[in-house]
């Protein structure tokens, strides 16, 4: 595909979904094996963009089924056959996919969304409210999140609706283990991997190497540290270099996303849905 | 196929392999699911004969791979593709076959051979000699026998070489659990199923319902109780009705075996090999 | 082999009130919807539903009051959003959830399939799922001195419901090359009874052409029913895609109990057979929509 | 994806003396014989061999002194009889056997594949196999109060050797519809490194035509070597049958150490490549023999 992405100037008219795609794409490199889940248009766009630019040897396992597919463009579902068109392999779920995932040596990177994420990167997709069996909101459920979080995977959270309701001091229910109570709590339980970054519609966050508390890594152009903090349900740490502006997509990246990868704009559904 | 087997008169010129085939065939009924292993020409002939006569709805799983195959005739191997010609299903071994076998509700009957079988139906295919790591004879190994014997299967032993070396008081090594020390020893370990009969080239044996000791069920025509006892490495129990003559094949059965099922006489290899 | 051909009525009559019923499907895929509708028509009650990821079927069963508990990893209609009727039933205490991650559910069903008391996993350590479920999840030590693992107790559903591409009348079931969800690899093996709908019942000789595509041997299957488009409105590749129009029709009413019940009346209870159901769902136009999945986005 | 194409020499150079090497095969089927011959040519020593059911390969490796231990369920050439060289090596104390039943070996490898410390089975209870192997087999209680089961410790071979029908240069490996032995479903997933020979290396687009037949994703494979007839003299359906003439040629000499060594010299060490090996084994006549398997008995 295009190789002018390296020298391409910054885009002037990118939208926030495109920014989230490029930030996520930067996390995936040649030799990585990455997998998307349900309703994951932004991560799928990120994988496809990475493969089209800096990481042609990023192995993509589409929705845990299709290895190295060649979809015509991003279809209306990220968990249906049009996405895994032309796959090299259909992984049987029980014997193939879950074995490779559990093994630990393979398929190391997952993009996941969660209704609630807390300051230590614990995730909740189960219930809002304190009584599990009479919740205020019954969410979809943990699906594979509880597994991926506990078996050493590197997790890339994306959150298209940065708010005090989605980024909370403490999740109502841990359906995916982040850094638990912070510090070495995760390590003490023998769990490897863990949350790497959180890409929202306002900013990019990571986790302090010692305390494991979430900290601001960069703020998207047009937003301020104060605005991001006000939209967060707990105090965000600031990194030493303050909070630089998030690097914006290049013109070439935006062209690839709009014209080739996702001409139907499916990625915008991730923003609308929440 | 032929339906005259019901009224067919006894064969005059049957051979012992054919007798072993018909005795075994009688053990398999409509609705049973039976499976053969390696080098098992006589059991395969028995399954095919049963299906051609009294048990058309006997489900046959050929060499743990091919469901309901239609081999042209018995080929030179009972664990190769010519046997599972035209199968309805190829069972994947790890996920399909072993799951169905372990489950307990399915594939309940197995024909097995063993180098040594003792008075309580324990089987040895591992080593002859008392030092496992410096054996007198290294046998092939337990393969799936140890599993089948412990997970509630009904086992039909066939032994084409009835001798004090193959029918011993106590096996040198239990590579398949029979009735262990007899009585309720097997039951106490929670193991269901177990050895049903032993079909040899001289006689048919079963196991006493209480003591679980092997007993003579019938003696093949041309042989005597004394001869069978002399060829056995332990004292065989006698059943109450003495030891009647083993029912011989009918003419129709022999015709089916010779002309249709096994025209190449592969079943005779089981007798020669030992 | 035994003849297993049945009507939907006969097949679902094998389900008893109170049974644990495992449903093979994904969010918008491969759900045995004709069997689900028949469960509703026969007014089954007190059903415990097992799903890896359930979609519209769970919503319908909640609306109709068929289920009172769910054992599963997720319930969602993916891009069509949450299952609102299920959500309300849980929030209102009418459906109790035993939530398991995918590897935990796989382990429970895998143990059931192999007649083992439990299987271990490393999944879900550190989550709140474990404390919630001591009857079925216990941390145990490795007898060889390695790490602690989570023992997941065997789950043996009373019935598994499966939709597949084809079968013969003896219940040998075949699946075309497509996504093979975990449910299909283990649910039917774990369950005591297996009810299968297929797009087509064929002669056994058709199966013999592709023995590698047979996924269930006849001896594991209790009933097989020919129901073309039996997975509608979920997708069943390569035969047809999901019906987005019908999904949206449901999501428009699913937040309102009365309208949801009307929907069930109209699409589930009123049609007396699959043909009438498909007619109500949009007839030829609907079938055309879902046939074109390959070119559609 | 990374290019994994290698020569036999390069592939087998990834095996170190002392490694635990898992061999995918059955008694007379699908053995990666070209890799086995290369192990002998490279004079590997102290290898621990893992086989479900091993055949002539085990005999050859015993003759050449490559292996000093075996972890497996059986070693036999089926209708061609016992593996006499292996047998003598065990009886003479030169090869030590860790004998496991099939479900025990499956459990050990399955645990290795899933990074679990152990998996339980019900197999082999009551046999002498358990007392023989306390390091790897332990009876444990069910934490839910059910039956005692046998915990089988994870086995992670250093290398797995596999022969398959085709692969692309990135190591995506395909198998034709045929018997799928347990080894192929779990050995390569459990092993740290995977070396594959294939009848044919093809363009990735060929694999995309039948994605359901791909059995190993490229990221699990370390080396792929094109070796037509790479399983000879074992069978590799549907491509060719086993070579009965060649098997008998071996069984005729295998009871005699000197003649067995001569056989290895002639068929393993002397031929410098696969073509010369096939020529030594009988050339076109041999290939004709094994091509006709479908009609032969």
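The chains carry the letters A, B, C and D, assigned in the order they are written, with residues numbered from 1 in each.
Note that in this section a residue touches a chain if its C-beta (ideal position, glycine included) is under 8 Å from a C-beta of that chain, and two chains touch if they have at least 3 such contacts.
Since the model is a prediction, treat every value here as computed from it, not as a measurement.
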Touch-network distance, chain C to chain D, counted in steps: 1
Geometric centre distance via CA averages, chain D-chain A, whole Å: 41
Mean-CA-position distance for chain D and chain B (Å): 29
Where chain C touches two or more other chains, by residue: 114-116, 121-122, 147, 177-178, 185-186, 211-212
Per-residue overlap in chain A, given as positions that touch at least 2 other chains: 66, 90, 94-95, 98, 102, 151
Overall pattern in which the protein chains touch one another (line/ring/star/complete/other): complete
Touching residues (chain side chain B, partner chain D) in the complex: 38-39, 65-66, 73-77, 79-82, 84, 90, 92-95, 98, 102, 125-126, 132-147, 149-151, 173-177, 180, 186, 189-191, 264, 266, 269, 273
Partner chain D, residues of chain A touching it in the complex: 31, 33, 57, 59, 61, 66-68, 70, 86-91, 95, 98-100, 102-104, 106, 151
Contacting residues of chain D [partner chain C, same complex]: 114-122, 135-136, 138, 140, 142-144, 146-147, 149, 151, 153-154, 177-178, 210-212
In the complex, chain A residues that touch chain B: 94-95
Chain A-touching residues of chain C, taken from the complex the two chains share: 26-29, 53, 72-76, 78-79, 81-82, 86-87, 90-91, 93, 96-97, 99-104, 106, 110, 121-129, 132, 147-148, 177-182, 185-186, 235, 237-238, 241-242, 244, 293-294, 296-297
